[in-house]
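Note sheet for the following structure.
Labels for the chains are A, B, C and D, by order of writing; each one numbers its residues from 1.
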Amino acid sequence: MKRELTVSPSPIDEGALIAARKMSSGMGAAVYFSGVVRGLESNEAIAAIDYEAFHKMAEHQFYLLFDEMEKRWPIESVRLVHRLGKVNVGEASLWVEIIAPHRAESFAACQWLIDEMKRLVPIWKKPLQ
Amino acid sequence: MKRELTVSPSPIDEGALIAARKMSSGMGAAVYFSGVVRGLESNEAIAAIDYEAFHKMAEHQFYLLFDEMEKRWPIESVRLVHRLGKVNVGEASLWVEIIAPHRAESFAACQWLIDEMKRLVPIWKKPLQ
Amino acid sequence: MQITVHFYSYFKELTGCAETSEQLAHKSTIADLQAQLAKRFPKLHEMQNSTLIAVGVEYQGKAYELQEGDAVSFFPPVQGG
Amino acid sequence: MQITVHFYSYFKELTGCAETSEQLAHKSTIADLQAQLAKRFPKLHEMQNSTLIAVGVEYQGKAYELQEGDAVSFFPPVQGG
């Protein structure tokens, strides 16, 4: 399974990421999730979220999740980008791509990966007014 | 709920579709599914799939599904593109975008919509060697 | 009354045509239409358990009562995506 | 032995620091380290039921036996995405 992980303050260029997609001819499904900063956090209007990470551990925990995902589903490739620092309302803080032979496993793996990330990857957010 | 439906022989330009994304500030989740023609169909190597539709009924059935989806989940917008005619291996035949406040409903709605499409929307495929 | 009948996907191969028209008695149902088509298109008849039927752009069941000018479509299970 | 301790997210506000170091007896566990920190950082102690703990880049439980030079991190529930 190919892995590509980026945890960085750079904006996420979804168009460029899509343009760089590689799928072998046995693959029929690509699922994407873009998590975008909302204008409300706990019912209060915010302008941005500041993301902090324990960077080295975050990357390590993402790779552990990729290892586990590979055992569970026949995924050809995962690409994941998580922004750090200030991310304005309307901008993506998370982007995930899963490429698999069929739709069911691509959706299952993508949802599982995000659920596990929210449980295990040391990243925190602070709303900015 | 905004709806945008394209059932046509034109190639799907995912980059342009992503670039045209519109999300209000209450929306936190965008899910995408790209269904790509695989090089194997029923274990036989193929070069392309020819998609045929009962075009007017296909569009009508898609809109009925959008109506039902809107009742079930708080979706802000759905965009769906289905190609017709010859689609080569490695090209997308289906592209779906669901925009919603949160991740869970965006994934649920996207999977439901594709399941229902495969049950109800009159489109058929013929493998081409 | 006259009914237009359309075939899609490999049902066109089974019947050898994409479109035909049938004369039916007043108050005929889809089941009546199917019985009449079965004689002309035995290969279509063999597929009846996996046949989907629409009138215009809506799915309908066998008991649906047809009206003059209805366009009825017969097709195999759909395969979009 | 000497242990480096890191705090993340609002645990830095609770303790007033991002990093500190502690002297511990040989064979001390994470629980021992927590007990020692509780005196200096009572607000951190209050959060102990929702505290996640790592040694290096791996999660560890309270029974984990620390070694000279270990870097221990304390942080609240994670919130990526």
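Operating definition for what follows: a contact is a pair of C-beta atoms (placed from the backbone, for glycine too) under 8 Å apart; a residue touches a chain by one contact, two chains touch by 3 or more.
Everything quoted here is computed from the prediction, not taken from an experiment.
Relative to the C-alpha centre of chain A, the farthest chain centre belongs to C. Per-chain Cα centroids separate chain A from chain B by 22 Å.
Chain A and chain C have centres, each the mean of its CA atoms, that are 48 Å apart.
If you average the CA atoms of chain C and of chain D, the two centres end up 73 Å from each other. Averaged C-alpha coordinates put the centre of chain A at 28 Å from the centre of chain D. Multi-chain contact residues of chain D, defined as those touching 2 or more other chains: 81. Within chain A, the positions touching two or more other chains are listed as 35, 103, 114.
Working note: touching chain pairs come out as A-B, A-D, B-C. Per the touch definition, chain B reaches chain C in the complex via residues 35, 51-54, 56-58, 60-61, 82, 93-94, 114, 117-126. Chain D contributes residues 6, 8-10, 52, 54, 56-59, 73, 75-76, 78-81 to its touches with chain A in the complex. Only residues 14-15, 18-19, 23, 25-40, 89-90, 101, 103, 106-107, 110-111, 114 of chain B touch chain A when the two sit together in their complex.
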